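Note that subunit A is present in both complexes that follow, paired respectively with subunit B and with subunit C.
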Partner chain A sequence: MFRHTPFRIATLLALLVGMVIASFFAGYFGLEIMSEIIVLAILVLALDLVAGFGGMVSLCHGALLGFGAYAFAVFTALLGWDPSVAMIAAIAATGAVGWIIGALCSGSHGIYFIMVTLAFGQMAYSFVFGAAFLGGDDGMSGITRPDLSAIGVDLNDSRSFVLYALVCAVIAYLFAAQFLRSGLGRSLVGVQQSEQRVRALGLVPWRTKAHAFGVSGLIAGLAGVLAAQHIMYISPGLLSWTVSGEALVVVILGGLGTLVGPLVGAVAFVLIKHEVAAVTPYWHLVVGVILIAVVMSRANGIFGFVEVRLNRRRAAKVAATDVKTDAKLGKTEGQVRDA
Partner chain B sequence: MDVGFWLFQTLNALQLSMLLFLLSVGLTVIFGLMHFVNLAHGSLYALGAYVAASTAGVVGYWGAFFLAPIAVAAIGFVLYALMIRRMRKSGPMAQVLVTFGLIFVLLDLTRIIWGDLALGIQLPPLLSGRISLGSLEYPIYRMFIIALGLAVFAALALVLGRTQIGAMIRAGVDNDAMAACLGINVEKLFFAVFCVGCALAGLAGVIAAPILSVTPDMGLQILIPTLIVIVIGGLGSLKGAFAGSLIYGFVQTFGAVLLPSFASVIVYALLAVVLVIRPTGLFPAKA
Partner chain C sequence: MLEVKGLDKSFGAIHVTRDVSLSLNMGERRVILGPNGAGKTTLFNQLVGEIAPDKGTVTLGGEDITPLGVAARASKGLSRSYQKNTLFDGLSLRENLGLAAAIHTGAARSVFRDSMTDKKVCEIVEETAHLVHLLPHLDLMVSEVSYGIRRQLEVGIALATRPRVILMDEPTSGIGPEMSHAFHTMLNDLPRDLTLLIIEHDMDLAFDVADSITVLNYGEVVFDGTPDEAQGSDLLKEIYLGSWEDA
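After this line comes the complex of A and B, so read on.
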């Protein structure tokens, strides 16, 4: 079950404060990287929700992100809707698609689940790639950002956009955390542990899974909308399975099933990618080696590793104080007996 | 759309199917026996093609034809000793991720060693040219691929179904703990099967090299079709890999000709339908 430990809250606050401070010192390129980090962070949040808490390792989250981005583009560029209305509609549509995929895949487990989600993702990718009205291979442009001039914010400014995306990320995180603490979120964890027992308790596993996937879809849709607003141009590459694979890599690097860890992973991944890419064109090699090392070390990612260490230290301390109190008690008992 | 057209497309479909079969059979048997998901199988195929492309100039096509599978099996040996043996007991997710990392590493290693440019390979005189089938002229080399695929299928079916080694492998797929109790060295068997699977991936690489260009991302491109094949067929079964390859090859080829606008979506839709109706594929190794 998901809990906010002091360490998690401290990490979240550190990330948030760090981002806000960085946004005031970063140049244009730095702000672009920050937007990329935020979009990825929201996507991996969505993925960790289903993979870490529901055991549903999805390879279609890239496609869900792409769906959100394309839905937003269609609503604004083709239908001419107001960006804020289009944003809500795109997020809702992605959530609905997520629910349907979750419902259809709920019967599959393990490697089959990975494959069937991959199939749905690739289906969306090939469709968009071939669809002339979506621009096909060339993608779509003419996407507008929401107009927040009523509250004095110009989103076409990079810094304002980063802060706006950050607010969206905070909302997404609070939503995910709230979901996991709700009854539905707890039954999701139950489904992961044993579908049979959950069924015996009178719950319907496929429905729980579908609802969770729908919620995850909403969050992935938000990531997609932000990605579209950020680059203001979208291409089928957003839906590619390697995007989903990369998101999974980030979740693992950060720490599966910790919700906070993947956010740390997103920051680390984008920074590593840009730092390494500046030195050598072979950044895949470096990321691949890190990934293999992290998975083979059996630690639950960077964040999971630190968290386990901290918990162990605290447990040791508690045990030590217990021994001390025991000894004291023993002493007093002895004194009482003596008397 | 005369008879020649249908024959031509059928041969094309068969050729694609057989190429996929060579790749998927190794992957599916490795999975069935070891419960190990090797996403880097496509990268091994790319390595096979690269080894062939760089040695064919020295030892000729036939030299490369035998050398590449051996080289890829040797690479498989190293991977097994370094990583895969340790990942045997981990869940599917950890295996998917380690081999996903391996894809990244192998992709960049091939780029570092062989560069980004596409390489080609010369056909031997024996297999170049065309063969006439009534009204139709068809490249001999593609007929060779079909024949090779069928031969490999026949040989594997024979070994798995009629020999003692085959019986041991089937016992291992069915229940590895029980097979070990019967005195079968399951670990050794797994290792041998893994190397054979890698060699078949290398073989697929050699025979694909002359018809597809040899590029670093060829492994990634073939990976998804291969996975679709084994998932449609059912993980772990030879029959499933063969049936899955045929289904994929025919749906893809005829889809591209008859319904070009839906061609790319049909295969994925088919996979989704199969998995939703039969979550473990058409011919699962275990009931």
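After this line comes the complex of A and C, so read on.
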């Protein structure tokens, strides 16, 4: 079950402080990269919630992100709603869509679950691609950012936007962590471990799965809204299954089922992508090699790798101190063993 | 408390449950004996709702539960444990019991409250751990404890939903004779108002724990009586013990 260990909290704080400091030193291009990291981080948070804690490996999270982005664009650019109202409505709508997809897919498992979610994602992609009122393959422009001038913040400034997106990411993280520590989140882990057993205890697994997918949809919706606000132009590419695939790669790279790991993964992924792309256009190759290495090391991603080693070292230290204390107290070896 | 009337089930040409009727009073401990392939587990699966019978009814506390599914029957107070451990392997013993208790109290559905710190859930966890002798091991992970402790947890999870009736599928399966005896004592110490229906291979358990014994053979009830009557029954010796000697 989800726990906040000191190492996890330290990692979170380091990421947060690092981002805030970086935002004051980064130039325009750096700030763009940071916005990209934050959007991806929120998306992988949503994906880890269902994949890492519910065993629901989804290939439609790109489509959920795209749905959130398009919903925001429709509400603002087509219907002329206030961006903050549109934002809440788009997030809620994506949550509802997530719940429906989760409910419909909850009966399938493993590879079948992946395929059904992929089908949903591709359906959404094809629809948006062909829908004239959504601009078809031309996409949509004219998307506005929320007006925070009342509190003295101009979101059209890149730095302010990064900090605003960061606040959204913190809220998304706290929301996800709170969900995982709630009764519903804990029973999601039970459903992942043994659906047969929770059913025999009186829980209806599909409901728990659908609720979790709905919560994940809310978070993915937020990522979509931020993506739309960031670029202020959206295209059907956002809903592509490759976006879902990339999110899955990031979750695995960071550490599935740790919630913190995928955030580390998002930072690592975007940085590798931009740094390597500057040298060679074959940056996918480098990411691929790293992913293979991570998976073959049998560690649970970069974060899981460090976490497991730290825990082992701490356990060894505790054991060593115990023996020392016992020796000081003048216990014989036999007594220590009995204790 | 639990009443089964005329239960019948066939898989194609194989008639696995033949007109089985049983009646358990509140607090009764009944053991179902029978050789391999007698249809004990299939009968269990029909009682808990995993398999639908072709004919017959199951009533719990006077209410017909035949049309209900597994989860709905469980929330009516019918719990089960498995012959093969079906635990939440990646979790601690406390979390295992906590999940079951939270499903019972409804804390498992809450989006705002943490079920593991819920007062009622914690109470049930402690109480159940006491009943199945798991108090010293609560904070260990399932992967860290012995097979015998896992068997205790298997029963503990079923108990943590505070059921009225528990169906146990070979609770002592796979544990040695010494531990078996301790296990029987543990079962005997369970609250007396709890109704138990236990599938067992092991005759000792039947005589240690049971108030009554039902013997199944080829899906049919061939004996229904007290352990004393069972010990004196020639029929039982022939079909149950006889089959052992033949083997």
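As a working rule, the second predicted complex is superposed on the first by the 324 of 339 C-alpha atoms of A that agree within 3 Å, B and C clash if a C-alpha of one lies under 4 Å from a C-alpha of the other, contacts with A are read in each partner's own complex, and residues count from 1 in each chain.
In the analysis below, a contact is a pair of C-beta atoms (placed from the backbone, for glycine too) under 8 Å apart; a residue touches a chain by one contact, two chains touch by 3 or more.
Everything quoted here is computed from the prediction, not taken from an experiment.
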More subunit A residues in contact - subunit B or subunit C: B
First (subunit B), second (subunit C), both or neither touched by A:150: neither
Touched partner set for A:320, first subunit B, second subunit C, both or neither: neither
First, second, both or neither for A:179, with subunit B first and subunit C second: second
Which superposed partner A:190 touches (first subunit B, second subunit C, both, neither): second
Which superposed partner A:278 touches (first subunit B, second subunit C, both, neither): neither
Where subunit A meets both subunit C and subunit B, residue numbers: none
Contact set on subunit A toward subunit C in their complex: 1, 178-179, 181-184, 186-187, 189-190, 193-194, 196-204, 208, 211
Complex interface listing, subunit A residues touching subunit B: 51, 57, 104-105, 107-112, 114-116, 118-120, 122-123, 126-127, 129-130, 241-242, 245, 248-249, 252, 282, 284-285, 287-292, 295-296
Sites on subunit B touched by subunit A in the complex: 31, 37, 83, 86-87, 90-94, 96-98, 100-105, 107-109, 111-112, 220, 224, 227-228, 231, 235, 261, 264-265, 268-269, 271-272, 275-276, 279-281
Partner subunit A, residues of subunit C touching it in the complex: 48, 70-72, 74-75, 79-80, 82, 86-91, 95, 98-100, 102-104, 107-116, 118, 157, 161
